[in-house]
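Labels A, B, C, D, E and F are assigned to the chains in the order they are written; within every chain, residues are numbered from 1.
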Amino acid sequence: MFKHDKNLLEMVRVERPNPTYAAMLTEQLGGPHGELKAAMQYISQSFRIKDPMIKDLFMDIASEELGHMEMVATAVNLLNGHEVDAQSVQSGHIESHVVTGLNPYLSSASGAPWTAAYVDVTGDLPADLLSNIAAEQRAKVVYEYLHRQINDRHVRRMIDFLLNREEAHNTLFREAFTKVQNTGSNMDWGVDKDARLYFNLSKPGKYFDLSSPQAPSFQNPDQTSPQN
Amino acid sequence: MFKHDKNLLEMVRVERPNPTYAAMLTEQLGGPHGELKAAMQYISQSFRIKDPMIKDLFMDIASEELGHMEMVATAVNLLNGHEVDAQSVQSGHIESHVVTGLNPYLSSASGAPWTAAYVDVTGDLPADLLSNIAAEQRAKVVYEYLHRQINDRHVRRMIDFLLNREEAHNTLFREAFTKVQNTGSNMDWGVDKDARLYFNLSKPGKYFDLSSPQAPSFQNPDQTSPQN
Amino acid sequence: MFKHDKNLLEMVRVERPNPTYAAMLTEQLGGPHGELKAAMQYISQSFRIKDPMIKDLFMDIASEELGHMEMVATAVNLLNGHEVDAQSVQSGHIESHVVTGLNPYLSSASGAPWTAAYVDVTGDLPADLLSNIAAEQRAKVVYEYLHRQINDRHVRRMIDFLLNREEAHNTLFREAFTKVQNTGSNMDWGVDKDARLYFNLSKPGKYFDLSSPQAPSFQNPDQTSPQN
Amino acid sequence: MFKHDKNLLEMVRVERPNPTYAAMLTEQLGGPHGELKAAMQYISQSFRIKDPMIKDLFMDIASEELGHMEMVATAVNLLNGHEVDAQSVQSGHIESHVVTGLNPYLSSASGAPWTAAYVDVTGDLPADLLSNIAAEQRAKVVYEYLHRQINDRHVRRMIDFLLNREEAHNTLFREAFTKVQNTGSNMDWGVDKDARLYFNLSKPGKYFDLSSPQAPSFQNPDQTSPQN
Amino acid sequence: MFKHDKNLLEMVRVERPNPTYAAMLTEQLGGPHGELKAAMQYISQSFRIKDPMIKDLFMDIASEELGHMEMVATAVNLLNGHEVDAQSVQSGHIESHVVTGLNPYLSSASGAPWTAAYVDVTGDLPADLLSNIAAEQRAKVVYEYLHRQINDRHVRRMIDFLLNREEAHNTLFREAFTKVQNTGSNMDWGVDKDARLYFNLSKPGKYFDLSSPQAPSFQNPDQTSPQN
Amino acid sequence: MFKHDKNLLEMVRVERPNPTYAAMLTEQLGGPHGELKAAMQYISQSFRIKDPMIKDLFMDIASEELGHMEMVATAVNLLNGHEVDAQSVQSGHIESHVVTGLNPYLSSASGAPWTAAYVDVTGDLPADLLSNIAAEQRAKVVYEYLHRQINDRHVRRMIDFLLNREEAHNTLFREAFTKVQNTGSNMDWGVDKDARLYFNLSKPGKYFDLSSPQAPSFQNPDQTSPQN
């Protein structure tokens, strides 16, 4: 069950309204690499996880992503200002000014409504963890793009916080991956000859051949230099 | 911020796997009147609410809907059984058997991915409350349809619980509406003559004329004397 | 069957082209609370209605919404001007300038194509009427937002007309609701104890308890004194 | 403006309920080549048409398509039967049994909600007419597929009627095309050398070269001998 | 199987970055009449074609459309410039600046993600060819609109090339149509009386009656004189 | 530019038609982890890649995915059989039988049309490679699920081939990742304290703390011992 604490995970402020940036920031609320996607992906994946520690990890992070979603939405709301005025948005979606009465809108920055098509779930733990590692990496990149395009120091600080939290989640998912990397879809890699061929279909140019294919895996923290 | 309690809001069990019913029940996870929609709608509407009691109400219910979502997803997961087998689904979507590895899928019963197009937010409190009252009423109806089509007594009990909770939310939103019904989009009803005309455009037949138009309003259950 | 009368329901003019406002107004053509949605919702709901008066009401209003759609589209067309020029749109979708040759486009103001996901139908009359009441209320709110953002007096007059008609529809649906409020999903309200509990899941803060829950219902204007 | 006549364009009956066929027939209600698409396409295209005869043609056909939509929806409604029962649907969408209370649903046969992405509008008359000719041809084909898969003689008769009407519309759009074929995007065909080249990119095999490219055009039935 | 040649089908250059035009040009990458749609439509239609010459034609053109897609994407990429800066986009989607890191985005100019709903396939050759003729005609019109709105001479040249190629494809599909016009859905046209009636449903005004209905067909350029 | 070779990348046969399995296999044609998605993702990501070897790799694999798409579509086409018959599909989408005339359909197994929302592009090489590694892993899992649910030995062999090729791609993307892992979004990992905290938001239970966070990275197969 979920409980709500009226305190935000981290305080959110803005220096001043900025409806254009509100539209841009909407990307991380309702876009493909945004907070709603992250929360829904981890919750959806959690149901068949047997290992209680990994299941706990998924729900810890999913819950935090819901809190991030609330933070991003709070910032969008503040940036939207005080009067509906679609023309105050220089580019990006204008739904907040024609429909939501300045409330945040669950869409991309350009107004495409959030869709569960963004959510990747396979029930195979190595695959789901790789999906999550990739999702967190993409979320970080989007926050970097957004960070570069705003001067508001409060907003930058919020983005800094969120970006670093995605990094933390990424590290955690990576650590969980090392635990399960010899299971499920990661087993028996490169056994079949078709898994060891390179098809050179874009010419001219050639990349390289596959000699000893390896399943995706992260440095083994026990055997290589310590990552902790 | 959101916190997760590993206990479900109410225990969920099933008598036996039932992949067809799992697909059907998916409707209330990722369909237009399902739990994700409800949670997202109330959270999205909450940001600009000034009245702390009403804001609290929205977040109490939104949190509960997240808990409902978890219950429905848990039931879908249990009903999906133990082996991917798309042909065990007699009708309805088969994504759990070809993609999600028996995890629940955020779609309608027929496999249309959840979309934020389901979420109604206007920032006008009377309009948003009417949207919520209608949404809860529709959710109840869908649960009634689902209840009729399953014999599993555990599933029926869960549906009973959820159906009654939607009724409770409905009642609460209705009560909140009575507090705000003389504000926002509910004010000055029927002032203009165009708001008092009936256009008889489907013939033959005629419904009736508008004489003294009234804004939507609810009876005060304690007094049935005029509210306010 | 539907017949078309080449006269608009009400004449539509604009003072001058305004491609940005054309994009904004598109919201009420192809957005979630727009005219196409209203028409499709009422038509879709009408098929199983037995009461001939209520069925007539639904088709009278559905037909009028088709006429509204034509009016809004006519205004968008006039506002789009005479030359495709995407840069004349300051914000909002630009499809009229790259695809439709200045014809209106069935999307939100930001260019998300209209989807039947906007249409709410349950076949339960109390639920469908509450959906319609809420839909009309949202349509009114969107027209209010659009009205504030344009000075063109002809466009304002058209919006005034449409806004008042949505109010009239709302009143009529409300009146129909009073007739059916003791049927279908509105019966036996609050019988189960779960329908009478309040779950305080957002803290700190508490709204209130449910004591004697009531189904959504409207004051019967003939029996109680007028509200307000 | 649109007016509704309570008589259907042509009476609709079914021999008996057939929920599976109801799902299949839904394709022509809310699928890509269905009646809603046709109506919306012709209405959307009509706004900038100057020639009053052609504009009249578009609205005559658009209105008829709305009437077809009503007929198809009526048939779906009758075929859906009397009790929600998703398992009575052997294949195809089950939304009528979990959400719409046996009302028709605006989607494909498999439950993908109707989207305005189906609607083709360019504002160029030759292009729009070719789109309509193609759309009517596709609609006919879908009706042929549906005709083959049902024995109910009333349903077959309805499909016969609709199929033939699409043929009539097709003929009319073709005739309109002959009038405008020397205008807009159909002018100056094959002037540039790039318009006269054949790129043989799929090998082995070669189709043929372009010698004297011709714009799409139809035989004028009054001037040439019947084709074939 | 598909092979990639690192040379573009035709060299692509731009005079200077133009992020607004990049957004506009995105329409022909991921919009309803864009290159991805064309490629996917012809590939999807090809599978059941028996006639090897026509099948070859479809795959020749499909392959070329993939090459067009690459050209348009290359242009969008160059026009996007060197720094993510959503505000450099005056109107149109901003996804390249918040998500894709200046890479092209598979959407309409306004940011609606590409959907297979754009792809028309019926397996009936006359219908599919008419769909393709219409699709090519629409593609040409969109390129005309885009051509008018840019001064960059390199971009104009690319658009000229693509526009003329669509014309060539159109001519080829038209020629293929003449070969199959007496087959499939084009046979037995106007046999039923319902296919020969005109319903005058939009009033006042009347277009004309159907006397001798003709199936869509094109003049055979080898047998008739060139169409005026 | 793309060229098509009429030979399939690998021959495709089926033992016998199987319309239900055709619907299921559609998942890898037009579903979220299918071949179209893979091809579009790698093409979309390639435009800003500077390193010619990595760019070559992306286009080699993208081209192969187009060839996989053709193989899967060929199999779907053969499995669809010879007569449109929606009831021969026990579960899954029925569009091939009501619309496409037995041609393959670009959708999920349940009929949700393919959407570019499936395509992940950020322009940051570590993020894009992690997205591709995860995408290939998911594709493998889906093929495993599909393999388990069919006895047709030709189809199983095709799936084996495709599954192993995805493994090969995965290995190659992993190798490319080792080359770029100290660049872009992978740099300066865990510098900020927020990137080193664990938020225990799901209770009871706790996973573990982050001490020395590491960016996602893969063992260099040339330098470390094989990962057991």
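The rule is simple: contacts are C-beta pairs under 8 Å (C-beta built on N, C-alpha and C of every residue); 3 or more make two chains touch, one makes a residue touch a chain.
Because the structure is a prediction, the values reported are computed rather than measured.
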Partner chains shared by chain A and chain F (touch criterion as defined above): B, E
Third chains touching both chain F and chain E: A, D
Longest centre-to-centre distance from chain F, chain (CA-based): C
Geometric centre distance via CA averages, chain D-chain A, whole Å: 41
Computed distance of Cα centres, chain C from chain B, in Å: 19
Chain A-chain B separation of Cα centroids, rounded to whole Å: 27
Residues within chain A bordering two or more other chains: 1-6, 9, 32-33, 56, 59-60, 62-63, 67, 90-93, 99, 101, 107, 110-113, 115, 117, 122-124, 141-142, 201-202, 205
Topology of the chain contact graph, where touching chains are joined (line, ring, star, complete, other): other
Those chain pairs that satisfy the touch definition: A-B, A-C, A-E, A-F, B-C, B-D, B-F, C-D, C-E, D-E, D-F, E-F
Of all residues in chain E, those that touch chain C in their complex: 20, 23-24, 27, 31-33, 90-93, 108-112, 141-142, 145-146, 148-149, 201-205
Contact footprint of chain D on chain E as seen in their complex: 9, 32-33, 52-54, 56-57, 59-60, 62-64, 67, 112, 115, 117-118, 120, 122-124, 126-127, 130-131, 133-135, 137-138, 140-142, 144, 160-161, 164-165, 167-168, 170-172, 174-175, 181-182, 184-186, 189-190, 192-202, 205-208, 210, 212-219, 221, 224, 226-228
List of chain D residues in touch with chain C within their complex: 1-9, 30, 36, 40, 43-45, 47-48, 56, 59-60, 62-63, 66-67, 69-70, 73-74, 77, 99-107, 113-117, 119, 121-124
Sites on chain D touched by chain B in the complex: 1-6, 83-87, 89-95, 97-99, 101, 107, 110-113
